[in-house]
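Listed next: structures, encoded as structure tokens.
Each of the next two complexes has chain A plus one more chain, namely chain B in the first and chain C in the second.
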Partner chain A sequence: MNMHPRRHTRSAKGRAISTRAAAIRRCRFALALIAALIALPGCRSGAPPPQFPPGAMVLKLAAISDVPTLDPAAGYDVDSWMFEQMIFDTLIRYSDAGVDLVPDLATAWESSPDSTVFTFHLRRDARFTNGRIVTSADFKYAIERVLDPATRSKGMEYYRAIAGAEDFAAHRAKSVAGIETPDAWTMVFHLIVPDPIFLQKLAMPFAAAVPREAVEKWGDDFSRHVVGSGPFMLKEWIGGQRIVLVKNPGYFVKGSPHLDAVVEAIGVSEDLQWFKFEAGEIDVSNIPPAVFPYVMKTPRLRDLTLRIVTVTTRYMGMNCQMPPFTDERVRRALNYAVNKPKLIAVLNGRGIVANGVMPPGLPGYAPGLSGYPYDPARARELLEQAGLGHGFAATLWMPADQTMMILGQSIQQDLDLVGVRLRLKAVAFAPFLEAVRQPRTVPLFFMGWEADFPDPANFLDVLLSRHQWGANNDTFFSDPRVDALLAEAAPLSDLARRYALYREAERIIVADAPWVFLYYPITYEIQQPWVHGYVLNPMRPARLEKVWLSPHPAS
Partner chain B sequence: MLAYVIRRIVFGAAVLLGTSLITFVIAFVIPADPAVAMAGAKADPATLAAIRTELGLDQPIYIQYARYVDRALHGDLGRSYIRREEVAGLIISRFPATAILALAAMALSLALGIPMGMLAAAHRERALDNLLLVLSLGLVSIPVFWLGTILLIVGGLYLHWFPLGGFDGPKSLVLPAITLALGSAGYYSRILQTNLADAMDQEYVRTARGKGLSLRAAMFKHAMANAMLPLVTLAGLDFAGLLSGVVLTETVFDWPGLGRLAFEAVFNLDIPLVMGTVLFAAALVVIANLVVDLLYAWLDPRIRLGQQL
Partner chain C sequence: MKFRPNAMEAVGALMVLSLVLVAILAPWLAPYDPTRAVANTFGDPAAPSRMYPLGTDQLGRDVLSRIIFGARISLTVGVAAMAVTMTIGVTIGLTAGFFGGALDFALMRFTDVMLTLPALLLAMAFVAVLQPSILSILLVIGLVSWTQIARVVRAEALSMTQRDFVVAACALGAPSARLIVRHVMPNVMPIIVVMAVLGTSGTLLLDAGLSFLTLGVPPPTPSWGRMIEEATTYFRVAPWLAIFPGLAIFYAVLGFNLLGYGFLRRRARAASAL
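Here is the complex of A and B:
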């Protein structure tokens, strides 16, 4: 049957109106939903801030990164070590403000003249926070745990010289034969090769005592349930938010620590740290580069700053496998071409011009090295001699960091004056580290090295020996003379002879110029006027046992 | 309808599979050795080899991928190389903070954007419309890191009205939510203004106005329903993006959400965590798309979902 056109139209319109009405009703519901969304977040968010009794002495800190781990066998970074050294004890440790070794749980120690036997005597009053006395067996267990491949500890390499370590790591032995514990308070290490820096290795948090029962109870989650014997113990750790340590009432040093708690807010950018510091919300802070000049020009703030030259060297590596950096004349030319005092000025004075590999503060440091003064004419001359008088182009890789980029631009301008056209390439830090380890991949790169322990080997051997290719020798530099000197120096306990050999190796390295030696950084922090006893260490995070707070508005 | 939903779920699963494959291949080809990341650069070859065997890294890539998918289907996204914790657990622990911020930001952006769009449409081509146009463009153009920092300085440091970052209660939510919401509000306002203006020109609205219906009534009762539809799509996808984490805002405000977790994972080249956060974000986008499509149909029954595909 044919449908009447008009009726058809009316009918269609009727359906349309009805549909639109339904849509309107639903749209109203959607608007109501939006109103509900507005109300919903009003509910309490986040974990409540930690509460402490009135008058409690609580040090408030802030950090950009979360703490990767609190397990001393696993942590190998500044953030982890800062907390590990508060929670755990090693046999010996570094002094608060220096790189000299002082007792921790060991009361005394001896080493054989050839540096192959080390004997420690432990104090008898140290307890884990679970109440159990700390004994030599706990230290032995800690090092065996580091040596066990299942732990995947980055500290394994430091203890491989202990007799029996290889057999233990390969599961051919149930314990490390070279660690003897004749009684609960004595332990003896036997090494297969002389190692004059074994004491320094035992001062690393990897070797801190851990209670076997707690590790076995928590397994991979030990990091979240750490039990140590140090001045503080873990109370709360909310990933990405905060970490809270409280005083260990059973700490073996009576009257220590002074603080009742340490609270670190996590994920706080440098700028936000500064705002919090200005508002009195945190007690110690880094100083962002942008406000550093203001701080140093303001007497009220400048008087609150702390300064230390860290045992660190910053350099621009040149890949000795990649032309034109295979030619030492080119490498030396770049050293003359970079204006290092200008870099220090760019850093607002937060550095010292580097003349060599080893930084001041490192035992064995050679103050007499003249390095490469700024001399663009000499640089052009060397490039001419290398057949590169017309210049060349190269790419400088660097971690994606504001300061690095500014330094890179300064170097870019300097090198442009001698005909070297530099392209800057900023890369996230982890991929950057991976890339520089690949052969013939990264021609030029910014890098820094902070000492693991205070000995020239930690710089010269780790960064510039042939056997570190693909690991930490990122310039793929190799000089048989250097390797021979490093091998000769490594087992020597005679420090004068040892340092003389290392200095000779450094002199050759500086002449070969695999790096453009840039600067030794100076670290600045700022503390509130009510903070006392906070001391910076040139090589480790600050220890907090002796810190105390006078009454202040924020308390 | 059911068939449509099933088809969309299958499609979403395919998207997730594709995302996981792309992420896995990228993780495989970049010059990063997970064994070195775990044991350190100084680890000896035997230790590295043992770790590679334990993780199955010595297997062909397709077997590694198949194992990853199998584990992921059972809720196991692996363990973080750096934190040595379950990736799924890390994501779940960070999601509430992100979800609360996303909800607040979305609600605020709609609460601001919709009235602004309506006002602008009601005063089309008049001073208020122009003013709101400039305001909207301004809001869209402000970088979140700058806005966030300024809000922190003014609202936190000088006025002491809000905490200086952190995640410690409702007050701590205000500044990051505003930072995230303002840009979206400006955008929603322009979209709604344009759509409302179009709808107001339609015959059915002009007829209603001709019959004596007031501007407000015509807008609310007739034009809004049609004009809101594109906004639903936009807001849905925006919401998925917010739920995946907002790196800059979370970083500026010390907000412990997924964005910062993902950023740290990439920064540390923590491959299992990178893959976990990417997969989770992809799943959120897929789900949001599905919800938006269903909401779209629910808001406007004229749409015949089954026939669209």
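Here is the complex of A and C:
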């Protein structure tokens, strides 16, 4: 998914923040103070917070805005996914700290060599919290629900390759013929085209088992009355105030989860979250940019931080249809002209210099790429060759955000040294995404891409192939050699060969340079010393079933 | 009569004069280029030192040089915006005060409506539509801050029209234009000057506020408001990044205010001496 400048982690909601003007964010501090005053004990309004017996292990979190949804068919953002993966189970999921697949409700699975048939064997002891055993029919129902146009699920596209999916979606069939449930514990998927990353698609929360009786009972209100089989269950969700999850005593993994409850306070600004963290009122928090340097310079706090290189690439796109960026020499010149190690320093080390499209942590990542070192002399030479020795002016579009503006100024300084005069144009996130999609509109832009699933196709195909023009290929880059390689690699399940083809495509892309390859971001969170077992995942929200708390002052 | 400045006027004038000099002589006074990195302090702003008396920021730029060059933008925008403000305010005020009647009523109710709108919000809306540039910003500031001046000028003009010399000129058949330009205007001039000087501190602040909200003059042009905005990230580890441009704004606003109140006091004295 397109990445908002502030990675939409648990509390920094991508959508919510993105629609606000940067100006409003500047007033955050004042608002935080006002909010702090209003929240003083005694003047608190609304329902009383839930009481837990003394000694209960309750993880306390805070977020800016409400969770968009808890319905797995609807959620397609990090905040919804965080809670959905606590409440529901998929057949397979990602490991706690990595992007490798591990069993969830399936105990074993097989795939045919040509990646068109996938068979799963389910565990027999998993129950929904309404008491009913989870069977293969529940998974089939969940996927059919996503495929049903009436559900309007954004996950639809991922399951269209299942045989009979199109017929079902067009109401020509009562069920999806390509999903077989020979018995309650076996599931077979038949695909019409080979899809080596089908397993990854089944690991998305869209494919989580949901009980038909509850979905049909509540209809559109299912999101507020979710019933799942996961480690936690929904206890209370007061819109705009808090969401409370409690331990599912019937969870199939014995002794899990450790926590008795998770309470997330909603409507807590990023700065107020920080004050609450410092006061010991919340257990895990994001680190707002405004305190990051302070945290890193304070050993007591620095030791509490968690760090993860996300499966994300940040780049400056150059529109290959707009002169002078139609000229490959100009695009390469800009790559040499931008001082990337300086950007990393300006980010206080929250990034790794990017040498290519694929970030480390993505299976298929090519560690050998040399990219473009900082070499202004070489940049001037290339501009000279392109007939632009006297330089030129261009406009860099970016989402309105303080960090982006600082990075923009850093690049502005660098390009000034090779005669390129940069104008910086900050735009709110939603119109920004709209603008870059228009042909011949945005010459230069900051962009980021965070993996939806761990495969090179999710970067190379989505961002740089001809058929994504006007969708996600915002540079309007096209190279027949690249398109041919991508088409050849897509159906291959032989990983060595698959990755080799993708790396070849990436090598050509790096040489053609439709992007200035900037950096792979590093995300930081901070936890209280009494939090244990909290592990960040490079691609998904952290899972909480292994988290436990030692006795602490606030408990 | 010999001109003897009072203390407020003297101090204010000196402060404003020093600012003007700094702005004019910026290229010679500033030790470094304000837009280039001069020190390797990327992401780690450096404290004041002998080489960089006010430190360097997270992009390696010299804070002192940026403050010195920032004076140019602040003064240019502040004074030019005041000129726009004055043009609008004086025109409306004089017209309303001199002609009175329905015109006066219409213009003043319009002014009242404008007064109810918060200037900063209105300015933000205008800038968002117009795209930030020096010209758009000084126009916008002018457009949102003329109301007070219009009211004061109207009141003065109104009282002038009752004075004998104006009535006399009118009786002699002088046309309105001549009455306004030759008789009313010169007599409201002192209050206009006072309002202009006092108002400049307001336009300076508004400019700084817009810059702080990233709606000011776009980078790389250094501006005080944006310097403070960019410093918020480092406020807990490098507070000087925000403090020095803050002091610069304080100095400029104080200078114009002292000068303006000095003038005001002189007027009050002159009035009580009559």
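A few points about this structure:
Convention: the second predicted complex is superposed on the first by the 510 of 555 C-alpha atoms of A that agree within 3 Å, B and C clash if a C-alpha of one lies under 4 Å from a C-alpha of the other, contacts with A are read in each partner's own complex, and residues count from 1 in each chain.
We take it that contacts are C-beta pairs under 8 Å (C-beta built on N, C-alpha and C of every residue); 3 or more make two chains touch, one makes a residue touch a chain.
Because the structure is predicted, anything quoted here is derived from the model rather than measured.
With both complexes placed on chain A, chain A has more residues touched by B than by the other of chain B and chain C.
When the shared chain is aligned, chain C comes close enough to touch A:Val346, but chain B does not.
Look at A:Arg332: by the touch rule set out above, it reaches neither chain B nor chain C. Judged by the touch definition given at the top, the superposed model places A:Ser223 against chain B, while chain C stays out of reach. When both complexes are overlaid on chain A, the residue A:Lys201 reaches neither chain B nor chain C. In the superposition on chain A, contact is made by A:Ala265 with chain B only, not with chain C. When the two complexes are superposed on chain A, the residues of chain A that touch both chain B and chain C are 22-23, 26.
Put simply, chain A touches chain C in their complex at residues 21-23, 26, 29, 289-294, 297, 342, 344-349, 400, 402, 405-406, 408-410, 412-413, 416, 423-424, 426.
Note for the complex: chain B touches chain A at residues 30-33, 37-44, 46-47, 50-51, 79, 82-85, 90, 93-94, 96-97, 100-101, 103-104, 106-108, 110-111, 114, 149, 152-153, 156-157, 160, 164-170, 172-173, 177, 204, 221-222, 224-226, 228, 232, 250-257, 260-261, 264, 266-270, 295, 298-302. Of all residues in chain C, those touching chain A in their complex are 35-37, 42-44, 58-59, 124, 128, 212-215, 218-220, 229-230, 232-238.
Only residues 16, 19-20, 22-24, 26-27, 30-31, 34, 37-38, 40-49, 62, 65-66, 68-69, 71, 74, 76, 149, 152-157, 160, 169-170, 220-221, 223-224, 238-241, 265-269, 271-272, 275-276, 278-279, 281, 428-431, 434-435, 437-438, 441, 471-472 of chain A touch chain B when the two sit together in their complex.
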